[in-house]
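You will see two complexes here that share subunit A, one where it goes with subunit B and one where it goes with subunit C.
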Partner chain A sequence: MLLIACPWCGPRDEAEFHYGGQAHVAHPDDPAALSDEEWARYLFFRDNPKGLFAERWSHAAGCRRWFNAVRDTATNEIHAVYRVGEPRPVNS
Partner chain B sequence: MSTQPYRREGVTGRVLRFRFDGRDLEGLAGDTLASALLAGGVRAVATSVRLGRPRGVYAAGCEEPNAVVQIEEPFPEPMLTATTVELYDGLVATGLAGRGRLADRPDPARYDAVHAHCDVLVVGAGPAGIAAARVAARAGARVILADERPEPGGSLLGTTETVDGGPGRAWAAAEVDALAALPETRVLRRTTVIGHYDDNYIVAVERRTNHLGAAAPPGVARERVWRIRAKRVVLATGGHERFVAFAGNDLPGVMLAGAARTYVNQYGVLPGRRAVVFTTNDTAYAAALDLADAGIEIAAVADVRREPGRMWAARCAERGIEVLTGHVVTAAKGEGEVTGAEIAPRTGGRAREVAADLLLVSGGWTPVVHLFSQAGGTLRYDEGLGAFTPGETRQAAEAAGFAAGVTTLRACLADGAEAGRRALAALGFGAPGVTVPVVEEEPAAAPAEHLWLVESGDYGTHFVDLQRDVTVAEVLRATGAGLTSVEHVKRYTTAGTAHDQGKTSGQLTGGVVAHALGVDVAALGTTTFRAPYTPVSFAALAGRDRGPLHDPVRTTPMHEWHVARGALFENVGQWKRPWYYPGLGEDPGEDMEDAVLRECAAVREGAGAMDASTLGKIDVVGPDAGVFLDRLYTNMMSTLKVGSIRYGVMCRPDGMVFDDGTAIRLADDHYLVTTTTGNAAAVLDWMEEWLQTEWPDLRVRCTSVTEQWATVALAGPRSREVLAALAPGLAVGKDDFPFMTWRDAEVAGIDARVCRISFSGELAYEINVSSWHGLALWEAVMASGEVTPYGTETMHVLRAEKGYPIVGQDTDGTVTPQDLGMEWIVSKKKADFVGRRSYARADTSRPDRRHLVGLLPEDPGVLLPEGAHLVSVSAAASVPSSVASAALPAVPPVLPVPALGFVTSSYRSAALGRTFALALVSGGRGRVGERLYAPVGDDLVPVTVTSHVLYDPEGARRDG
Partner chain C sequence: MTADPVADSVAESAAGFVIGRRSPAAAYSDRFAAASAGGAIRLAEIPFLTHLNVRADPASPAAERIGTALGVPLPVEPGVVTEGGGLSVLWLGPDEWLVVGPDGAARELRERIRGAAAGEHVSVVDVSAQRTTLVVAGERARDVLAHGCALDLHPREFGPGRCAQTLLARTGVVLVAKEDGFWVLVRSSFAAYAAEWLLDAVVEYTAVECRG
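Up next, the complex of A and B:
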């Protein structure tokens, strides 16, 4: 079980968190302006890297805040956590 | 005759009586079941799973591959190893053939869980573990020392080695007692660490009363699961001896050399009278000498090497023990148990048979790297050991002692202490001055030679995995079939998949595979190590989460009333909802069908009430609440007037229905929205996710108020007069209190919010009061004498008659509002809402999408099973003529039969006087009037497609 450092609460057991998939996939500002393919990319396409991956987590059984984490999918090591709206840290 | 003929002379203790395979036997306190069986002369303990061969005790710990037993009394427990079952008075056990039996009665014992944190967790209280723990503990670190055995000492328990001038076993006991007395140190005995997970999350199982049998105190949990988060972990897990593949190496009487040494030294048991020793390394000599000192005749030592350790050869010569260098045991001889060993020069030549009842074997020792590997550590091959040792790990963990490939006692003590010091340094503790225990200098060992199998023309009884009955012949069949990875060979042969997970056989299997393929053992690698390290009972993992504590049970304020009236309950999420109330009508013995028909008729003809308190309720508050709801619901919520109510549907961005409910506008900046019972938490999560991640600029707060309100749904043509009597101050006239509005009122003297909404098509109200007053309101409604209580089944029938879908029953995440025939709820005016763009996708406007339709079975008495598939006429024609069914057209079969859809809801209707169903059917709205078939068992049930609204399609009953 991972030990995840919530940016608001500090390190907590993974069981307190809810996984939210890839981070930085914003809902398009004007979906109507998108082609079917562009909309389908937003809906259905996600990265699946072996290595560093920016992903969303929610501290569901704690402060209930969403935040982002950069995790190495091969080792499960979390390299950075940062709050919603903050940019992905460089080098992570 | 002694009941313990193989007990070592002079060994005494408290006598314990037990029964094995129907035989009454005796052992001594401190015995395991295995040592007591050996003391009693029981050689064959179990039977092999596939070949039915007799098997004896092979090892002395959790690595035991053979002696698998079932405890029968005091409480049945399957698949335990006799080597880890501590003997107690009254134990009744039987040997197994690879498969146990679960208890046929509930386990009376309690199980529990503990969460703990520590600075340093040391796994294993052998020499290295104790050395690490004493260094860390003396510095004031919070230390947990866990060991699977009842007594600390690890390898010291089975040897005659000395530490600080005294017996190693006594040293270990004194050191661990001293550790246990420290305030920040916890010693967990009989505690097996079974899993090492990410970020040093450790799971261990502590066996607290198993060893007491029927004498276990009732107030103490039998087993406890420890969930430990450790800053540093020292894995001092020791090693397991492995054997060599030779003919008949599974006969009772063949035993690992180190195990025999342990039985002699720790348990005072002689595993035989006359032994042959077969070894590839020096360690078996110490065993041979200890056995000789205990009075066991050592008939010969066959050492595959030309050059054994010089000291050992000399000591054997002193005792007149014959050492045959460059020799191997080619076969264990005997029927049912060992009576001799066939020894031959390794390079070939004449074999000779030596009589013996015990054949000790040592193929070298394998470090226990399970935990290190489970947590993602890499392994590297150690040429000296012929086994894999820990490499790199990203955990704050390290192996120490033999687990790290360190071989001598002196070096293990030093290595453990160093590991303790490194842990302290990493945690910022100052290193304490701790004296290093004094150990006699040991002579350097001669190099081992890694012999995996004794070559032969017939590998049929050269076992590599004793528990799975896998022989070299089967490994060769696997490699002959082209398998070149140990993982594939494992799956093909099942080697390493038994309860012991290949502790004694894994490296041997790898060696044999490498031998067969002509490749390096190092390059071949190992199979993946996975938790648990040893088998764990489900009861331990469940802990207290059983029975009523398995999952939270949520009940409404009116629950006791329903229980008292004999309601049966339906689980909806964690909620208990009244399902129906049998026997409240004239027939006290009515069944479900009759009760539901009665309840339905009451609502359609008079008045009924349902406890609707479980509906999810969320307060949405803030100046942007209207804007927010506009973005989440497909229809417009911001234009809703204070005092009014609107039904709404919420979709995912892909346009599929996610939930539905009503929005009540309480004030300009305050809505109360309802959700389906099972989806309340998911909808709140959904709202918070959008607010936090996409629209943080919106000034809105969402709060669950589900438990704060109790709700009574009052429905039926007579509901107005019932409400009027209960709420004399409320103007209930059709125009005073129109459909889809709400009023604050006093109902039965209780402050209430009354909503005029209907989920049955009848005139109906939902009366909401503070949950404290829910029961009082319900009782007041019932006291009117005019109202029939109804449950969820009736609610489902009534709404289905009206074609109202239940999200999650009539939808499955692939259904749009348009598919449900609710085009009207999807706003054309709003610029955007979640899901809108998806309705312009080609896929959501396909004419063959599945639509919600009604179905009328042609036989009005036939109730379709929910989930039944639907096929069309031409498809039905493809069914063989042997299938009995209604008149089918004689069209040639077309295979395969395409499924057009399936039944989502199916009921008997009192109002319609017949059965009906709802279904999702491809192009369904274009098929109204068409005949389809539902294959049910061997029958094809003909049905007619209809509109999904089957009752009161004009909506004439809404206003009563």
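Up next, the complex of A and C:
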């Protein structure tokens, strides 16, 4: 079980959270201008690193807010959590 | 000719029969009382409290005016409860609160909050029927809740004036630390499950006299 620090509520059980995939995937400015392949890349293609990964989590059973976390996919260690709209911390 | 009970009850309603309210954990009052007899634990339901969900920008003038109108400021620090005048205001999120008041206060409170909002972007929803309030009190209350809650309930971390939305026995609850115990705000459809779970969790603190 992971202990995840919600940026609002503090450390909580992993069971209280919902996973939201890769963070900082920008919505295209003009989706209609994209080719099918570009649109598919936006929708379905995600990074799959071994190591640090910025991802979205929702504190579903708590304050119900989405936030971002930088997790090491190899060790599950969470290096940073930050609120939506805040930049990814530089050292994580 | 035998009477038709369904038709009879319909006729009674038409004649002004008032259908009674039944709180979600009403069926447990006797077992709660029996479990509370030993004194180490007190279980009870506080039925029909008014619950209003309020959403507003915490930095807005409207949020401040709502606090003034309620006589209780909207807490901005996570997990904090403000209390006064029979009301408790629970922090649910950075722009979301639960105003808990006495039975029957919903309409008046809602109008007071709406008046204070004065057209600003504020949402007020009466969610009184969504949850009921269970009381878990007594010297072993923390031990009982710890059976199914991962939060650190030590008074240093979660003393009176604190609240949290969390899981109790895998059920979403709002946990509130009061001066004399805890409130467990549980959804109406989960109230029977939560009551059964609590009654089971308290057995080791209440069953001493049954051993011999």
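Criterion: the second predicted complex is superposed on the first by the 92 of 92 C-alpha atoms of A that agree within 3 Å, B and C clash if a C-alpha of one lies under 4 Å from a C-alpha of the other, contacts with A are read in each partner's own complex, and residues count from 1 in each chain.
Just so it is clear, a residue touches a chain if its C-beta (ideal position, glycine included) is under 8 Å from a C-beta of that chain, and two chains touch if they have at least 3 such contacts.
Note that the coordinates shown come from a computational prediction; the quantities given were computed from them, not determined experimentally.
In the superposition on chain A, A:Gly10 makes contact with subunit C only, not with subunit B.
Looking at the shared chain after the overlay, A:Arg65 reaches both subunit B and subunit C.
Overlap of the subunit B and subunit C contact sets on subunit A: residues 13, 64-65.
Residue ranges on subunit A touching subunit C, taken from their complex, read 8-10, 12-13, 15-16, 61-65.
Across the complex, subunit A meets subunit B through its residues 1-3, 13-14, 18, 20, 26-28, 30-32, 34, 36, 39-40, 42-44, 56, 58, 60, 64-66, 75-77, 84-85. Taken together, the subunit B residues at the contact with subunit A in this complex read 197-201, 229, 376, 394, 653-654, 685, 688-689, 692-694, 696, 831-832, 834, 836-838, 840-842.
Per the touch definition, subunit C reaches subunit A in the complex via residues 78-79, 92-94, 96, 150-151, 164-167, 170, 172.
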